[in-house]
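Here is the structure we will look at, set down as structure tokens.
So that you can tell them apart, the chains are marked A, B, C and D in the order they are listed, and the count of residues begins at 1 in each.
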């Protein structure tokens, strides 16, 4: 508790620094390199690069040009060059390991780092970060989901546990994950073995299901599984007046696919969702459209449902392309399975939270009609016989997640630091003092 | 002319007899067998059966059960059993050949025999065939397009030429074609070689482009090419409440195909048509439809256009099936190319017509926004260097073609008999007397 | 128990008689009239006709011609003319009331009477009803869902309670409902006030969620709400070659509606279903289709979801009609809300069942991914503060519900009779002896 | 002829100057103002502004911001400020009138001024304008259709006739039209009365149907009528996971509209075209799309066909919006009727062309499977009893119209100048010398 108080001001400063320099999925060069350096300085053994993000399992990686530009930006704005070097190409995951003085269970703590494509509110009158001078320095990019707070909590927990190393049993891994938005990053860290051998898994989210400062919800009971697909159709251009029969109309193919995708039957085992959120086709009014592009997502109460939806969706897309003589390409740019927190671990989270004097309320675990790819990690741990919990740290919000005036009550970070440190010590069976 | 007058009353009686017993495509057992017998009696060499209707080129043949029932009906209602025997299985085409006394050109005259699925008007007050007692004896089937008159003209021409045989040069073939409706029969007679070696081709149609008794239009300048397809989709049934995801929805696949078919692009080389005229899918409200069936037709100003439409249609259907995991089958149940009458032959037709005292008007050749598979025969003749004309014999009509009160001014048959006999004698270079 | 044994053979005979003469929704003239007579004979006060089936709330009533033919059939096959007279026009509901000797609660017992359009298996080798001579005498109609057993149980319960009338307290109503298939009949009995004042509601179903003879499941916890719609589109006919632009294409409109209906978004409050099960459009290949017809159904975990689906569906249909210049008509031909059994009443059902020596197993209440319009009655009772339970009487089935070889283990009827009689006596607080 | 030779070098220089500063529809500030000044200097009475471009009849006018930027660009690059002032807001049409010394017929000569959104080839090796230093100075905008040559010819003809004013009879109007591309400008000049009282109408096009230098085709016999529509759909945004049922999906509505538009039936009176060339919908993968936008065009052999297509298209769009609860807006951003050149005037054009020594070939008039809104002017003239001809001035082309390497053989401008001057003198009955 006392250590939390000591580390808290620095955690706030770190969060505000990250807030000023938000970085989207797979471009978290500045964030990851600086935090890697801090964790190393706190005595952790730190790994970055392809070793912790399996290349073939990364989804939705931006084109090289964008990666390079972001890398350059990070270099010029305080990124740590020695750590960044190994992150080239968008390998921005960080895994820090601390081994205790005695053997014991392995605990993994996961914190996500990426920001969103949102324009932050610049008006100091209505937006605290603008008033206090830590508004985003990158137009069009913003930490509007609290991942800056998550990351800062993670580093602070690392510093705290570093100081208590002599009491520590077992092994602790702090995982800083890139690309949670669009559920793009977790799978590659799982594929790299980052969760292997874990007995316990914990991760926090600020706000979300609780907008009450001082509340802790000890776990989310279920997330929707999700799959994100990008689809390209390629036909053949033709003048719509002079020779329409020589074209291959990608716009019509995409329209037919969009209708078909939304018409995929419901599944009897539970809820599902289909959404084609974006459709772009054609270049000119008098030209048969040769290209079309769609962004879509599928969700389901269980992974069996998203698997079903994906199989159907691939049929629909392939068939629509065949109808109109089109070539097509489908890229899986994101995805997460369904998963839920373990009741017995949620119970323990509730107990640790009750031990914190400033926590005023323990909320009831709830299900989420949304997705977070922490589920890929939770599943991996549970499949190995371990336990997982996705913990909500309540905070008042002036404006909802993913909006330009999003901000948090930074006091919630104190809860996060103390709760995760306490949990780690207890789960590993470390000495109390 | 005198012979025409002699043969005319019998021709009217024959037409009324055929009218009483209408037979649809490939079931013209009674019609074909009786006319074959009459032509043989008139001295013609008559062929029927697969030799004049190539089996693999027949389109839209009814199921065996229907063929058998129609055969039985014909047997019981005056069909000629000796000729019918060879027609089993729906081989109802007739080719009668008469060789002249000297060598000369080959002339083919074609007459179509089939009736339609139309309910004839039974009220004697408003419908002459009912009043005069020759209304259809088969509910739901009717000669509502004048093919009874065509066939009767054809036999009368055969009788007339038979009497003049000693003057005849060259070779004459009278072709009685099954299945003009739905453009199903001509291709199989072409494939059987019935048109091989023909120098001239003529066929009549009563009414149609001329509703003026006493008018002759010496030729149709162009017909729309056409292709008729039947399509079956087969999916998998499922209870719509308990397990919709286990079904394969043929109804949705057919709906998507129907939309796609109508959306096939226009062709820059000329007019086209697409119509899905019939769609039937599903068995019960709460069952995912496992079966769907469509009847469609494609038309175009040129055969290149119908070829294009058919290729596109097959893509659309295959793709729609793939979208929904369906099996499908496409059957070509009819089809005819584009073709037009030869100007120089039309000119001669006009001259012959002018020679008939009761012909009052020679109409201007016109194009038809419709199809007749006589075009398959015309094309074949023209490809061999021969000439063809599709002749309209005008007649007043109390009601349009294909309607329940259709009837003709039977006087027009006199024009048909005299004109086709005269044409044949002239084209073959036969002696005038 | 002893009375049950006495009445059981007659109940079996009655069930087999009903099985031989199955009647579909709103045509249960024979069934209803004979049972009305039996209940009257057992001392019940019986009402039939519009008084117990509110005319405007009946859904999916067949055309008059069919009603008349069915009425005639019933007359000729043992229907009771005196009771049938009031049922003319398809008013086939029956309500029988028995008042106790002392005041007490009102109990309603509901039994459904209608059969299905299924062809019963005629082979005695494989189908017991054929072997024992009670196979359906009406081709294409069959009791393939056990409603014959339900109805027979209902009458037997009436006879049993009639004999115990002197002990009875409160009021009992036996409701024989027409048209459960397609969820067409319950709403009109609710609208007629048949459930008004009910404190308890019970209804049985044989088989379904339990295929174990000797098992009782004391209640279904939830049914899917459902809405059944018939849709007609009316456009304008045109020749597809000569004037396609003069048509109004109902086939295309229906195809677009079918796609749109299946694409209605999922609802976040629970599961839903959409199915267009039947689509019929057009008359001829070369005619722009002037008519189309669709049968569809909507289902949802809650009534708010089916309300949403119906609103969307009406928009989709109206819009699709407007796209193609069509007139349309939507008829609500069936519907039922969601509802579930009350836990405390289920608990009591379990106790009564345990009291029957031949009941070997009490199953766990389950939810049904299907619909039954008993829910309309359950809701009405629950809204008045009463309790309801939908009870499953287990039986082995040689073949599933709605299939041609469906049959039951008739012993299950004994359970039904005893259980419903016992429940009624207990719920009304009647004297035990 | 001699005057043509004199004016030709300046015409080439003018064409190259215009080529360097291409301006798209309704932003031809520099082009129009400079040419207006030149014509005024040549003695013509010049009108610009709303008086010659009826405000409400302009189609596809860019947003004010773009108009302002283009205006500014013109000011800074040699536009004539005194003439530009009246053109503010995109009123860039110019009408110059010259009255003869004696009364006589009225002749209107029309030249179009606008450029295209094409990136001109910058490589001097392969592109003559780059080699000779007159390549476009505006990235993304290019005279790739020869309108620079048309406009320059028009001014040269004005100068030539100005010098011959003392011989001139009747009245001549030179019309410099904005916005031919997208068929946006002619209708507003017609609506302003610019064609009223015209007895003869002539306009040139370089290249197009003739790629032979030295050829003149005296007229296009028919153009496709066309209608250009922009469509917006507006629904309601919703989170695709948390509340899809609260959205109104504009993407689906647009997809259904696109399919429906392509499925509009063919017209029996002639060829037609439908193309949705551009579709843009939605903002994010996990958001129900609230906005969609389509660009489409309709074409037909006759105006009655485009009228039919437009009526159908409006139904399809309105219905699709209704299906999905969307608001919509349709803007007519371009359009031109069908029209053809008058045979007798084409004959005279051929005679004038034969009088030019460097013209080597008179081509045969042809129909165009394309559109040009000169037809709106031709129609207006023909409706008043006048005659019109759309004249093709042949030129070799290194690369087709609307491509980055388009260029012309500038010698063809000499033909244009001489031919239009000669025609004017002859049509007005002016003295030869």
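One rule holds for everything that comes next: contacts are C-beta pairs under 8 Å (C-beta built on N, C-alpha and C of every residue); 3 or more make two chains touch, one makes a residue touch a chain.
Just so you know, these numbers come straight off a predicted model, no measurement behind them.
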> Counting one step for each move to a touching chain, how far apart are chain A and chain C?
Replying inline: 1
> Which chain's mean C-alpha position is the greatest distance from chain D's?
Replying inline: C
> Could the interface between the copies chain A and chain D be described as same, meaning over half of its residue numbers are common to both, or is it different?
Replying inline: same
>> What's the distance between the Cα centroids of chain A and chain D, rounded to whole Å?
In response: 53
> Per the centroid of Cα atoms for each chain, what is the distance between chain C and chain D, given in Å?
Replying inline: 69
>> By the touch rule stated above, which residues of chain B touch at least two different other chains?
In response: 241-242, 244, 249, 252, 256, 259-260, 262-263, 265-266, 268, 273, 288, 369
> For chain B, which residues are in contact with chain D within the complex?
Replying inline: 259-260, 262-263, 265-266, 268, 270-274, 369
>> Which stretch or stretches of chain B touch chain A in the complex?
In response: 241-245, 247, 249, 252, 256-257, 259-260, 263, 265-269, 288, 308, 315-316, 318-325
> Hey, which residues of chain C end up touching chain B in the complex?
Replying inline: 182, 224, 226, 228, 239-242, 244, 249, 251-252, 254-256, 258-259, 262, 273, 275-289, 292, 295-297, 299, 369-371
